[in-house]
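Each chain carries a letter (A, B, C and D) given by its place in the written order, and its residues are counted from 1.
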């Protein structure tokens, strides 16, 4: 075997760099924002947002239309994988960031939106998510997770007030413990297998040699880390605090992009774990993950039942949706990757639409306590009806894309169950199905107060259709189109990758 | 030469110590130190295993961990400072304004 | 015109709903005119459908149908998922469609006086009309489910905004209950997607050559290819065509819902379980005791026209779904569960009647009498013979006239005094003789007096139940008790409220208690006449349904035999 | 069952205030009896008293024993109906409402861990993980 010299490595790196152009573009945008910040001496300025938007649009345009296909699917000595899943995460993450940016740019008097740091952190989060979805090496997983987390901790404090400082510090501590546990268990994985690359053949054969118990314990770090990022039970406890104090556009971002990236990581692991490779780890897929999903669905849905504030309700409901996302990711390797993809895309659309509309109502009514929204449906019929459609989508009822997403996900779960006959999987699917009833109950609370209750005193100044209203209208329309022409949605997804 | 197992024991001890500190100590800065202990326990393990396997991967990993641990500590300390400005205390139990 | 007639039925109300929404707020009072025009058009189309139907019955039993590709999803491991916009009428659905167009028209007139949020009301009402017709016409299970679910939302708002005092509780209860039911149905839909395929679509997708024009033999050849493994699993096109699903050959061997799958869950075979889920799902809608408690609340709180629509049309979707979906697709389970279905039917009859006897609220009494009457539908379906099933359809049809009539009449009284308490009135016959006459006739029609349509229906159901091998003989006897009790609560109510000297709880009501107005005559008399006509000339309805019913029973028996054969192989 | 029919009918009839008057029109029978006066007298002396006695007896039987039984039965039906209605409201519907209440209770219990104390969060999360792990191993 010929000795691999450093020049060989460098040249192969430089050959493979073009395949990372989307990430590169995002990084360049990040630097551009930093530079602009320096030039403008840190003044508050809209231009940071526009730079970000332009950079992101170029990146997504490149990704969708010109993206190069590399000769092999793994790049940089197995650190990064280039395949349909990584492409998917990149597109979703970019879409989410674009929506966040558009939302932040829209007229608002909140200060942080015109700050350079804000966009730098958003772009940092985006980079972390893009790499997390593409990483096939555990080192890369760690790096991407940390990029995501560090940006996240700082972004939580962007409002610069007492409460956000506190919750971002707690977020950091929770995250630090999760990454500590992850690293420690990774170190043992490395010790046992001699490599951190799950794609290398020795990795699984070595793991397979271990007793079952040891296999299970070794998987724990990764499991906890994914659960933390996706805010699945029992590692969901940080989420309500952070969501409550972080800036709103970022909450929408938090509740979608890192989750989909982390779920993709689970999907990726599911693709390489099979009963033959590691029976002990396989019990993760047959038992532990379904159990986590059951717990997440129950916690998210039942806790959302009691929330009186719209944002808080969305927090818990997004925990419930994490359960669904995990379900789709878990079933994907066996049944259909499309289920996961459709669910992710639809979830992105409906979540952003919901957060946007809730903020709209918040601004008009001056409160996000749902019971204070009495009778506003009469006053603001347009956003209220849009919100109704979005809520129906979040419950997963026709005629919205939320129904198709739920239907396909549950079918995938059903398919897995019928092949593996894992009882936990059946429970996860069944609870997923019937959590819809609970979900309906709390989601309908909002239209219930908007339309059913009456309120006499109104102070409205709603005259022209705002920019954000157009945005959420488009998103809502997409939800409807996604139902009536779900084939177009799938085709669009498939054409990209 | 120190056998690998000794290093691993040290690593395990450090990890447990770090976790214990995080879970019990009240001073936020001490808790952050506990985090560092956990990360360094993993580092020790990586280095020991790298020597055992005679591969570089573990060492690279530990280098990255050191870098990121530093970044995390920087962010953490900055946030603690901020929190201190607002709350005038570093006692983790008294920093408690976001709750149900 | 003819080939698009069914689509017109669905889309005219939909377009009208859109029109209503975009009416300028100053012209809001035109909303009711738009609704009236739309439902009148539908009524006219329904009449056209009636005449067209008599002439034409296709070989599939579909007098009219329309089919258009909706979507196909290539889902990798899950195969091709497809759904059509497939609507059609046959003997099972024709009566329901005719009933719907009539009742929805009546409903518009009954809601003429709605003053608050008129545009919203009529838009939702028209959406409801569209989805009701859609669910009776859909022949693709996914399309059916779309309409079935979509019914909930307008209904939720119609009860919740324009209802009575406890409207919020009632509307949420209605929504949650029915949603639970539809989730059960959804579970079966998922199971069916996983276990069945559509032979014709599969053949076209894979490219099996058509040797004949005969669709059936083409389907057979594709089925053979699938059985021999010529067509791989991931090339199958899965489409829930309700005309194809009953064929046991379209179920994949050893799939979850195949007859040869002997997996059990809590002692039930998976097919049995699927049937049970459908029974619960449609049973909630029907409603079947003990899944009925949403109904009295919804009826009491809903405004009169909404009660009319709910009792007149919406409940029928439960019975219709059993006949259209549960029985044909799972004939084996249907046969083995039939005794239970009949038992629940009888339970509903007696339980509903008993509870009605104890009611103090006139509307609640009528609501519980609906529970009792819909029990006959279950009993008739469970009998699984021509008499029983015809009787069940007849009962749905007849109840579709009579219960709206009763709700309208209860509404008349409520309009006058805003009180429906039976005990608060006495001797109403003195001040409202015409009203008393009409409500007396309505009560007699509802209790199944010979000469009214209810009698024919109940007679058929009972004959069917007595002669059925699936229904123990004691059950129709107990059902007779239900009829007797029905006579009891109606006559008792008549005697308590309308006869004797006039006594009112508040003397101020005396002035407001005026007799029927022309508009109220217009609403009630056609229904009275319909109840009478269909009681005297049952052949008008039976001629429409006979073909469909006998085909249904034939299909169920044949497929059940075939399934038995497959199981024993 | 037939008894209950009678019962219901009887209750209704008894409570109905304006009883229908039975009118006997003077027809052929009347005229015949007018002509056969002696027969009438005969009957009056012999059959009638006996018949009246029997009639009284059956009347007593009818109004007290049979009707009483029938009334009892029909009242029983009404009482039964009240009982069924009670069951309907509190058992069948109560079950449904109970499930809703239970869900809320559980939801409350699940969202109270938000004490705001990060160490409690961590301990909970880790404890649940260890617990699940233990269950998984012992499974």
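The rule is short, and it goes like this: a residue touches a chain if its C-beta (ideal position, glycine included) is under 8 Å from a C-beta of that chain, and two chains touch if they have at least 3 such contacts.
A quick note: this is a predicted structure, and the numbers were derived from the prediction, not measured.
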Chains touching both subunit B and subunit D, listed by label: A
A-B compared against A-D, more contacting pairs: A-B
Centre distance in Å when subunit A and subunit B are each reduced to the mean of their C-alpha atoms: 27
Distance between chain centroids, defined by C-alpha means - subunit A, subunit D (Å): 58
Between subunit B and subunit C, centroid-to-centroid distance (C-alpha), Å: 65
Centroid distance [mean C-alpha coordinates] between subunit C and subunit A, Å: 42
For subunit C, residues contacting two or more additional chains: 176
Subunit A residues counted as touching two or more neighbouring chains: 170, 173, 177, 241, 441
Shared-contact residues (touching 2 or more other chains) in subunit D: 100, 111, 114, 116, 118, 122
Graph class of chain-chain contacts, one of line, ring, star, complete, other: other
Full enumeration of touching chain pairs: A-B, A-C, A-D, B-D, C-D
Touching residues on subunit A, where the partner in the complex is subunit D: 170, 173-174, 177, 213, 216-217, 220, 224, 233-235, 237-238, 240-241, 283, 287-288, 291-292, 298-299, 301-307, 316, 438, 441
Of subunit A, residues touching subunit B in the complex: 139, 142-143, 146, 150, 153-154, 157, 161-163, 165-170, 172-173, 176-177, 179-181, 183-184, 186-188, 190-191, 194-196, 241, 244-245
Interface residues, subunit B side, partner subunit D - complex: 22-24, 92-93, 96-100
Subunit C-touching residues of subunit D, taken from the complex the two chains share: 1, 4-5, 8-9, 11-12, 15-18, 74, 77-78, 80-82, 84-85, 88, 92-93, 96, 100
Parts of subunit A lying in touch with subunit C, wherever the complex brings them together: 334-339, 378, 392, 397-399, 403, 407-408, 410-412, 414-415, 418, 421, 433-434, 436-437, 440-441, 444, 448, 451-452, 485-487, 490, 494
